[in-house]
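Going in written order, the chains are labelled A, B, C and D, and every chain counts its residues from 1.
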Amino acid sequence: MSELLGHYNYWIVIVLMMTGFYIVIARPNLIKKVIGLFIFQTSVFIFFISIAKVEGGTAPIIEEGISVYSNPLPHVLILTAIVVGLATTALGLALVVRIREAYGTINEDDIHVQDEER
Amino acid sequence: MLSTHLPALQVVLPLASAPVCLLLRHPRHAWACALTISWLVLAIAVMLVQQVAATGTISYAIGAWATPWGIEYRIDMAGALMILVVATIGAVVLPFAGRSIQQEIRKKHSGLFYTCFLLCLAGLLGIVVTGDAFNLFVFLEISSLSSYVLISLGCTRRALTAAFQYLVMGTIGATFILIGVGLLYMLTGTLNMVDISQRLTEVADTRTIRVAFAFVTVGVSIKLALFPLHLWLPNAYTFAPSVVSAFFAATATKVGIYVLLRLFFTVFGIGFSFVAMHVGEIMMLLAAAAMMVASLVAIFQNNVKRMLAYSSVAQIGYIILGISLASRDGVAAGMIHLFNHALIKCALFLSLGCIFLRLGSVELQDMRGLAKRMPWTMAAFVAGGLSLIGLPLTSGFISKWYLVGAALTDGYWPLAVLILLSSLLALIYIWRVVETAYFQVPGAGMPLVKEAPASMLIPAWLLIGANFYIGVDASLVSGIAHQAAGILIEQGVR
Amino acid sequence: MENLINDVLLGLLMITGFAIVRMKSLLGVTMLTSIYSLLSASLFVVLDAVDVALTEAAIGAGIATVLMVATVALTTDEEKVPRHTPLLPLLVVMATGAALIYGTLDMPHHGDPLAPAHRYVADSYLHDSPVEIGVPNVVTSVLASYRGYDTLGEVTVIFTAAAGVLALLGYRTRGRNIEAAGIRKQVVLRVIAKLFFPLILLFALYVQFHGDYGPGGGFQAGVIFATGFILYALAFGLGTAQRLIPSQLLRILAAAGVLIYAAVGLESMLLGGKFLEYRVLADDPIAGQHLGILLIELGVGITVASVMLIIYYGFVSRRH
Amino acid sequence: MDMVLAVLSWSCLLGGAIFLLIGALGVLRFPDFYTRLHAVSVCDTLGAGLVLAGLMLQGGFSLVTVKLLLMFYFMMFTGPTAVHALAQAAMQGKLQAVVDEHEPE
């Protein structure tokens, strides 16, 4: 039972990750794919930050009279990863805009059809 | 004094000159800037290889923080070989780019092209020299993002969809790597790869570490286009600008393979990767499938660039095959093929770039009788093709010789047969091009084209020359590769 | 109490996630994504990651949403229902999820203070950074000094994104004032925007320079700074904003930020230290660390702010 | 004194929560865009305001309270402005309000 209580947090985060992953690989709409990637990445960030949590700790800003802090290292990694994620999202969306201009659609299946015709 | 800072300069130089390149208004200036930097990078790479050969593994603590606390740059023989590959290809490809980019990319984009090229170069070099698992992810993303941009600059609209497809798959791969790194950190408390490997011995037999291993392996396999995760590669190589295809075919996937080597041997160790997780058998199977299936698909392609892209997937199979043997000879053979294939594929794509410059197409049907009009270009293509098949006196022969030898030593004789079969398939698809270019008459109304300019032919022929040199005297490459493989195996055995 | 908030937020995240899968209107999905990001930012606060929360709120719920809305406006709002039933993706996702859950079984419990992740490197950051760097916010000292090289990489990544958006979308450096037809009538909005614009910039400066002591730093400040200008551009049109801060200037600033960062690294090299070894920048090692962190955070802030604006200009000027 | 403060602050928090709940209910139940906007605007300002007031009472005379005051100040501006902008945009987009046809004469 304690096994279950100690890990259910991670399990929910895994469900969140898989929701994003599913959107990416199952949906033919390109915007939805980018959004799926965004959700997938954000959920991975939640996973990392969950690792960093220490029971009874506070934010890792050193202050008098506090001895237990949460782990700062995953925070740093995720700060970096958030920015990387935004860069990916921006680039992906820019590509979507250009694809729409070139093909007139942002549906992957329709794009395949157009590519096959040529 | 400067020589101690070479590992940092190797990466920071192209990284810091990319913004400068963005500010240069004239395309020629941006090109000149990128060219100078790429040659400097090559010079640094050569010096580093000498240093590593003289003193052994180099470690450079960035910010002077001791290893697990700060980020460490770590170069051993295997890393030095990879740096040399990436830097060489970068330096050879850029002179070619001047003319080719002028034609294939709109003028206002060329400054951005060189910016992204330098960023990609910095990213790839950063991946190779870093000793830190998370830093690897960051530089992986630098190289990936810049490569999405470089691919999307191709001249047809399909370049956009190819870039998007690569972006989606690449990001999934990177996120998988991130998950794996997170799991590793969770159980070891460190991000330095050597440090992880030391602390891993206590916790290796946990389900968490097994899953971490699976995730990083799958993530990296997407990046290196291991069959069947190669789906992004054919489109990306076909629709990217010629220079970009040449650069990526020689470097991007190869760096992915290097990361895989680091993971299997340095981080997880042979005992875990190959004995407990059976990654050798899985990789061998996938590699064999890649060699056969991708070569077969290549035969039926009418776009020569696409043909070469599928051939790349097959050749990655060869390299992985060598690694999957997990023996010193096997890994060395894989690395030799990695080096040789980088040279060959780059030369082949460069000659296609010459053809594209003159013809505006790389479709097989447009290449009828081309050999009479562009003799030097086609000769370069044929020379590269021969090496791809693995004829004696070419570098391809050397690497296949070592591969077959390693497979036979370990008693995998069916693999040797497969290598020969796959070479036969290579012979068929190369022959299709040769037959069209040399023995068919050009159709009526086909444009009368001139030979490609020297600035583009020289880089291609330089690589072809190196290829024949290795074909005759492979002692240097094979020496470095065997030394590197020895170090990897030593790290892997524990 | 904290656990309860944690669970409620996780539950809300799940609901939002499923709603995103099911919803067909892309604008609606965009809004839900923004909510998802905001919820995760709140979760980060509960999990003690205040710096990350600030960043996620500014980037995920702020800028990313603006970009998504812009993309939907430039393309289409409808999502076509897929013709085939996506069975294979479902299987792949199930397998991946199952693998991850299998992996959790040997993990240390959530919040366990004895977990190896907290005992080794991170522990000494908490103990040594007040002495070695002298900055109360440990996240800042790890980000800017111990792992400063990652941050250089990160600035480069965002710079790459700017180069990519410039290459893909470009923008007109000069042009007519593009604004939606109705915006001129929004008097209230314009007045409030004018009122808030300086306040937002002031707040950005606070976040930039207070990052040593509290949550904040170059990234967050840069994004907030850009948000101020985006608000201005929304209310007064892109042309007015571009007169205020021209595209060419942004290009220079984006490059300058990366160069400042790299220059700090090279300078410390010239002064006899390793790359990014700040302690050689001043006579006193601690003062050197402070100076180094200040400078690189400045570089980060400049690049992030100008890159965000470059990206925004790129998307908005695409509309004809 | 502490007791009084605690009771006051908790009743503020609770009251705020109730208003927020009512607002959310209104968004779900009201028939068209404008009435829903109405539900959001009134209850959001009051709900969030009360919650902030409750938190200020908890904070006492400290930096936190100053920050909360600033937040209150900003919310008083942004909430109504956003709702106003939305309504105006809807008007310009020619969005029709739903009018009850069976209104008694």
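In this section, a residue touches a chain if its C-beta (ideal position, glycine included) is under 8 Å from a C-beta of that chain, and two chains touch if they have at least 3 such contacts.
Worth saying up front: this structure is predicted, and the values here are computed from it rather than measured.
Enquirer: Going by the contact rule set out at the top, which chains touch both chain A and chain B?
Expert: Touching chain A as well as chain B, we find C.
Enquirer: Out of C-D and B-C, which chain pair has the most contact pairs?
Expert: B-C
Enquirer: Counting only Cα atoms for the centres, state how far chain C is from chain D in Å.
Expert: Distance between chain centres: 29 Å.
Enquirer: Taking each chain's centre as its mean C-alpha position, how far apart are chain B and chain D in Å?
Expert: 58
Enquirer: Measuring from the mean C-alpha position of chain B to the mean C-alpha position of chain C, what distance in angstrom results?
Expert: It comes to 32 Å between the two C-alpha centres.
Enquirer: Can you compute the centre-to-centre distance for chain A and chain C, using the mean CA position of each chain? Integer Å is fine.
Expert: About 13 Å separates the centre of chain A from that of chain C.
Enquirer: Which parts of chain B, given as residue numbers and ranges, touch two or more other chains?
Expert: Within chain B, residues 134, 138, 141, 145, 148-149, 152, 179, 185-186, 191 contact more than one other chain.
Enquirer: Where does chain C touch two or more other chains at once, residue-wise?
Expert: Touching at least two other chains: 100, 104-105, 107, 115, 117-118, 121-122, 125, 147, 150, 153-154, 157, 160-161, 164, 168.
Enquirer: Two-or-more-chain contact residues of chain A, please, as numbers and ranges.
Expert: Only 17, 21, 25, 51, 73-74, 77, 80, 84, 87-88, 91, 95-96, 98 qualify.
Enquirer: Where do chains touch, given as pairs?
Expert: Per the contact definition above, the touching pairs are A-B, A-C, B-C, C-D.
Enquirer: Which of the residues in chain B come into contact with chain A in the complex?
Expert: 134, 137-138, 141, 145, 148-149, 152, 157-158, 160-161, 163-164, 167-168, 171-172, 175, 178-179, 182, 185-186, 191
Enquirer: Spell out the part of chain A that touches chain B in their complex, as residue ranges.
Expert: Residues 17, 21, 24-25, 30, 33, 37, 40-41, 44, 47-48, 51, 73-74, 77, 80-81, 84, 87-88, 91-92, 95-96, 98-99, 102-103, 111, 115.
Enquirer: Which stretch or stretches of chain D touch chain C in the complex?
Expert: 74, 77-78, 81, 84-85, 88-89, 92
Enquirer: Spell out the residues on chain C that touch chain B in their complex, using ranges where they run on.
Expert: That would be residues 99-100, 102-108, 115-122, 124-125, 145-150, 152-154, 156-157, 159-161, 163-164, 166-168, 170, 251-252, 254-256, 258-259, 262-263, 265-266, 269, 273-279 of chain C.
Enquirer: Give the list of chain C residues in touch with chain A in this complex.
Expert: Going through chain C, the ones touching chain A are 6, 10, 13-14, 17-18, 20-21, 26, 29-30, 33, 36-37, 40, 43-44, 47-52, 55-56, 59-60, 63-64, 67-68, 70-72, 74-76, 79-80, 82-83, 86, 89-90, 92-94, 96-97, 100-101, 104-105, 107, 109-113, 115, 117-118, 121-122, 125-126, 129-130, 136-139, 142-143, 147, 150-151, 153-154, 157-158, 160-161, 164-165, 168-169, 213-215, 219, 304, 311, 314-315, 318.
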